[in-house]
Amino acid sequence: MTLPIVARNYREQSPLVFCLTNTVVTNFTANVLLASGAAPAMTDLPGEARPFAAAASAVLVNLGTPTTEQLRAMEEAVESASAAGTPWVLDPVAVGALPVRTEFARRIVARRPTLIRGNASEIMALAGWESSGRGVDSLDSVQEAIAAGRELAVKYGSVVAISGEADAIIDAQRTVLVHTNGIGLTRITGGGCALGAVCAGMLAVHEDPFEAAVAAHGYYGLAAEKALAASSGPGSFAVAFLDSLAAVEPAALETLNCEEKTYA
Amino acid sequence: MTLPIVARNYREQSPLVFCLTNTVVTNFTANVLLASGAAPAMTDLPGEARPFAAAASAVLVNLGTPTTEQLRAMEEAVESASAAGTPWVLDPVAVGALPVRTEFARRIVARRPTLIRGNASEIMALAGWESSGRGVDSLDSVQEAIAAGRELAVKYGSVVAISGEADAIIDAQRTVLVHTNGIGLTRITGGGCALGAVCAGMLAVHEDPFEAAVAAHGYYGLAAEKALAASSGPGSFAVAFLDSLAAVEPAALETLNCEEKTYA
Amino acid sequence: MTLPIVARNYREQSPLVFCLTNTVVTNFTANVLLASGAAPAMTDLPGEARPFAAAASAVLVNLGTPTTEQLRAMEEAVESASAAGTPWVLDPVAVGALPVRTEFARRIVARRPTLIRGNASEIMALAGWESSGRGVDSLDSVQEAIAAGRELAVKYGSVVAISGEADAIIDAQRTVLVHTNGIGLTRITGGGCALGAVCAGMLAVHEDPFEAAVAAHGYYGLAAEKALAASSGPGSFAVAFLDSLAAVEPAALETLNCEEKTYA
């Protein structure tokens, strides 16, 4: 893989990432995109989502706090991104635990997201498996969810990324575990949600979405490790994380701890 | 009282706090809950609020920036929490100053919140007294509002908490003033709103809501004192406050400066 | 000009700034207002926006992430502010790039905002010129936009402020360039949006809106310079910026680098 190249392209091209995301993490997501070198933009308005999804470099659809109007904008954005060939990411936040978004996610996933990113419970629920999420927390392990992820990957032609102690990136042929110490990200809100936005940006600058997803997770995780060392609690971690996203060199991805898994 | 036990239970049980709150403070509120040891979750969607309020450990209804749709979700959440016996907190932000929420709050309070938390002007306005709030700022003193708080406590069987220089916790029989230096919290947005979320979490882990409210205010205030000492302005205060929420030991509540008041 | 006096009045009078703004920057905007000495308040609800715009010291209408309901509230707020003589600021975020807000902005600007604040592309698009914004980013220069700004100033009797490497403040007679190093503000989200809120607050405490706008931009830029020196990345910059807003003395505006421009 050529992970440093993906990260370098991201920094140089500064992809415009159109985020339809939840109200808890809008600010953090925009700052994560800016710190890492991309350009964030948000609108949740039907009539604007359609043209903007065609013009943007990539689209993120995050189901954290949908409104009736935002769901309509998301439908527009996904239709438009699909038609334009714009890569898009589906983050099925709390799918399985909450009914309206679960129904919506199961419908919209048929539009074949370039990438699906979630925690183990969300990925299992999206695949129609039994899961045990509690709100936004996963009570299932990444290992348990990998087979569900593969099902989604095969069915929709998507790359599937499962966040957890190690992050699993899956497509129809491959599974890679990305090992970084992301414990700091579990102590602040939006760690996973903003990662979805960075993934979207990486998809925009690299042809192979599987490699783009690995690069995004690796880059993000390395920044989290660096920030953990520089902080003394969740407040200072979030600040240091933004500083680290701006400071991590693409070349650092050369030594990323990636583990290729083979399954029968 | 057994304040350290309440705080210890909160940390150990990590209550899932379902927040229907305002767009200004969603991120800060979620980070405050995470830093203090609880689990935040948000949805403002009718159809999701009803089942989630029954499944969550506690519910926060904060009227800071309502939308028509969010108000419907709040009604659902409150009905559902009441039916399920889930404790819930009403934060009547800017009630008295703004008409739609004032009407809504006066109606929803009849559902008997476990706790009502606000500043002096909001509590007075909710009780139907003359008040002089200016937007979200109180121009009335905690002392002036205690009798209004007692009226609400008697009428609705609620605990009432009034934030100010000292915080007053009131029920039909008792009034306690919690003395901490919370001046830093007045210089950032969301100090009171996020406290309502912590209160909700404490209610979920302790049977006596009065003690739970005192513990929440004490714990929060001690973290604010610690943060003030470690910061040099409102930006660094907010960061240090999150670090402090994670660092304060439950045992620190043993020496909390609580003053019991007796009124004729 | 008497810039230090404007800043001193702002601190002493603590104007109540009613912000109808986007979900990405609500928290940061409120914290910027508090740190600089003003009082923020938000509601996006029709039925509340009308009375509140008449009661507030100033109103900010920022088109970053409109909803159908918020647009109705904005109309109310602008009507009410105009009728009451309350100063109001229009921030035409991404106008030109996104259709619904573009149509809305061109209609609402006829209500004669006290101040229009945006980047070069937004000001050019609002004036009906060809522009080349990309989402919220300007691809045009401040110099190119000054003539468009003057057109708006003449047509609507507004002061127009264009943010860029140097900020241009324009009315029918005057143009001033405010030179500060605001590079840090371009690396975080909401730098321009929150400036619009500070402008609104300055308008509320000073009779000449042109001077008020210059003072707001100068004060904001000086705080950004101070923060840049004290930070090591975009995360720590945002924190230091809030600390600096609270620390900058009004007297520092005496030595602000302002350049008066004369045009044929």
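Letters A, B and C mark the chains as written, and numbering starts fresh at 1 in each.
The rule we apply is simple: a contact is a pair of C-beta atoms (placed from the backbone, for glycine too) under 8 Å apart; a residue touches a chain by one contact, two chains touch by 3 or more.
As the structure is a computational prediction, the values presented were derived from the model and not from experiment.
Visitor: Considering only which chains touch which, label the overall pattern as line, ring, star, complete or other.
Guide: Graph shape here is complete: every pair of chains touches.
Visitor: Between copies chain B and chain C, what's the superposition rotation on C-alpha atoms, in steps of 5 degrees?
Guide: My answer is 120 degrees for the C-alpha fit.
Visitor: Between chain B and chain A, is it the same set of residue numbers doing the touching on each side, over half shared, or a different set?
Guide: Chain A vs chain B: different; shared/all numbers falls short of half.
Visitor: Need the CA-centroid distance for the pair chain A / chain B, whole Å please.
Guide: Once rounded, the distance between the two centres reads 33 Å.
Visitor: In chain C, what residues contact two or more other chains?
Guide: Within chain C, residues 23, 26-27, 67, 238-239 contact more than one other chain.
Visitor: Would you pull the chain A residues touching chain C in the complex into a rising list?
Guide: On the chain A side, the touching residues are 16, 18, 23, 26-27, 30-31, 34-35, 39-45, 47-48, 51-52, 55-56, 67, 69, 238-247.
Visitor: Per the contact definition, I'd like the list of chain A residues that touch chain B in the complex.
Guide: 22-28, 64-68, 94, 97-101, 134-137, 187-190, 232-236, 238-239
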